[in-house]
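Got some structures for you, see below.
Two complexes are shown next, each including chain A; its partner changes from chain B in the first to chain C in the second.
Moving on to the complex of A and B:
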């Protein structure tokens, strides 16, 4: 659906990325990594200095404005709804601009308005809405034309936790129906649930492209286990632990899950003493990304 | 075709709705535009009370000359508000949205917004001036004259639209074009309130060949009035306003197409 081939533009250098049909890819990375540039290249608002971009089988710059309802783009700097009209009017205009059949439109509109929760304020003028309300309406507007390819730049800005969860569900459902999604975010903890693959950008380079599990296990395979003991301290010298600390009767261990499993550790502790509770923390994406960035700087 | 007409109708309906949603506001703002523009007329009126005529033009002939400026501007601004405000459209990112949508960029710019206050303010002033002056300047209206008048108005609208389109295109190269518009358009328009024969040759040159306001009001008005000062200019000038409008608009459009290639979106 989208193919980047050794693309360079502004901060981006030599980025190659292929996104197949029906897949949701999450672009993550710190500010200034080139995420938005990549989105703008994909929809044809920017032209690459080097390399090729192919979107829906076409050159997006030459074909810009001719994708019709096949391509939909959501960007925080590019509002889909006019500020001076009501939400409902804005959707009616989009329907007319994209030739959306009345039957599909009314069905999708009530579904989206219900799911994203803008049916409560769709008779208000857009500029009078709060940021979160406006984002909900804009997200609805980007989905109403049933695109084959959806580009979302920072879609979770201004959304509360429920909003983020709803967005995740909607994206998942759309992908199951064959829609391809490329989204960016610098806060991926919530939104990553909707993504089949992650692409990590930093300093204009693509550091990783693949599933979340592989990313985590390859780059920060450090799990943290907190054990509350009921008896004496166990002797764990034989285990390949990274860190070991004791505070009262709480034992905190960090270990590389590629070398030793949680089950092995717990088994060893239980052989020596009693446990009242165990808590295991898998690495979150934030720490994965920061460690990945450090990796990149070192290598 | 039907679909485009539908869309235009819809755009018009929504912009009119949002401009006219507060009745009192609408009346006051349109009135403000009306009064602001009237000040120039009042100045001319009092001047001519003292001097009776200006280079052979009496007060009603001057008002007739002025009415063309306001009528064409009133109609023009319905269509070209988007070009007048194009700088802020680019900066706000709305232009990126126009580029991504499956419709012509210019089509969307033209129909998505209309400054109805300016349209009503200028338009009504134009109509008032026309009604006051047209009966008193000795025009005997015939269908042919009426047709000429309509074509001249259309030409005047196109000339000013072309200037707006040209200035909007410059936004792709320059960051800020507001002051250029002020200088080239609004200041020159002040000259256009007077018969250009009273000005120095250099100003006349500007008004005919650079910012051709002379074709918006002076030459069409002369076609009706035939004041003696027209002899200083080629007679053909009185007949070509629609052609000047069409040619200027065509060139402005070609320049627009060319400039669009240099567009880089403003980014976040």
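Moving on to the complex of A and C:
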């Protein structure tokens, strides 16, 4: 559905990516990694300096505005509904613009309004809505035309936990019906629930493209455990720790969870001393990305 | 499968604009009042200037007021939204608009047409009635002249829309086009005869104005209404209007294409 061949533009350099039909791809990476640039290239709002972009079998720049209801794009921060009309009126206009048959429209509208929860405020003017409410309505607006390809740039900004969960479910259902989705996010835990594949961008380079399991097993960075001690300092020399430091009665350990489990560490500490609290930090997106870029530099 | 009407989105936009306008009733009443005040002030000034003469250079005070009323009335109808494209560039929604499967220019025209229709019914008509009752207007020179007036007024709208369209397109490069729009509006007001009737302009000024599109906007329809032009001249003037529309639109269209190219290459 989308094909990138050695594409360069601004920060992006030499990105090659192929997204087949019916697959949901999550694009992750720190701010300024080139996620939005990639989305804008995919929908034809930007033209690549080098390389080819093919979207739905066509050159998206030349074909922009002629995909009809096959392509739908949502970009957070870019208004999709007119600010000075009600949510319902905005949807009616979209119905006309995309020539959506009345039967499909009324069915999808009530379903989306119910799921995304904008049926409670669909008679309000868009500019009077809160950020989260507006995001819900605009996400609905990007789904109402039943696109074949859906591009979502930061779709979960401003959404609460329920909203994020609903969005994940909707995306999954759409993929099951054959829709292709490319979405960007900072929030790895949310995004991974909906996505079949992850693409990791950092500094304009595509560092990884594949399933989440492979990403985690290949590039898992270290977990960090912070232990507050009540007694003497334990001896942990036998454990395969990457690093450990002591500050007053706080012990900070970092370790690779493939080699040693948190339970083993805690057991060894408890054999020697008393502890008042334990806190374990799993790797977050930032550390996965930095770990990936280290790998990229080495290889 | 039911055949799709490709124009239905544009009708929807025109309808939306028409209905949106009717939401702000107070603003609307104030607009009518301001236009009436403007006409009244011009009328008083020219009444004082005329003193006890009935006509100057063959122009009676009634013809003069008719010029003011029709120019101001048509001005109220036309009013293209000069901030349509700049506004979309400012808030970023130009991206959404470019991705929609409809023509952006078509949408611009549709929204303006919706506004114009509203203004025609709820501004032009009341202003003309008020002016006819309190100040007095010339009737149209004849039925045929009245019809030609409508055609020419429609073309005048086209000329003004094309000027606004072309000027708005500079927003791709200049982003803030308030100053250039103000200059445009001054030119439109002074050179179109809606402030100082072109009859009273000196000859050298006429020669300059002949090379600009501005007299095609209001003055040509007014002259036709008053029966100052023969039918041959009417045909000529309407052709000139049409040529101006095509010429200015073509310039605007080149800018529009270049502007999109700029967006695609440099980003918005």
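The definition used in the following text is that the second predicted complex is superposed on the first by the 224 of 299 C-alpha atoms of A that agree within 3 Å, B and C clash if a C-alpha of one lies under 4 Å from a C-alpha of the other, contacts with A are read in each partner's own complex, and residues count from 1 in each chain.
Rule of thumb we're sticking to: contacts are C-beta pairs under 8 Å (C-beta built on N, C-alpha and C of every residue); 3 or more make two chains touch, one makes a residue touch a chain.
What you see is a predicted model; the values in this text were computed from it and never measured.
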Room on chain A for both chain B and chain C (clash or fit): clash
Touching partner for A:46 - first (chain B), second (chain C), both, neither: both
Touched partner set for A:129, first chain B, second chain C, both or neither: neither
Which superposed partner A:150 touches (first chain B, second chain C, both, neither): neither
Which superposed partner A:101 touches (first chain B, second chain C, both, neither): second
Which superposed partner A:76 touches (first chain B, second chain C, both, neither): first
Common interface positions of chain A, toward chain B and toward chain C: 40, 43-46, 64-69, 71, 73, 75, 77-80, 82, 84-85, 89, 92-93, 96-99
In the complex, chain B residues that touch chain A: 3, 6-7, 10-11, 14-15, 17-18, 92-94, 96-97, 99-105, 112, 264-268
For the chain C and chain A complex, residues of the former touching the latter: 2, 4, 8-9, 11-13, 16, 20, 91-93, 95-96, 98-103, 263-265, 267-268
Contact set on chain A toward chain B in their complex: 36, 40, 43-46, 64-69, 71, 73, 75-80, 82, 84-85, 89, 92-93, 96-99, 125
Chain C partner contacts - residues on chain A that touch it in the complex: 10, 40, 43-47, 61, 64-69, 71, 73, 75, 77-80, 82, 84-85, 89, 92-93, 96-99, 101
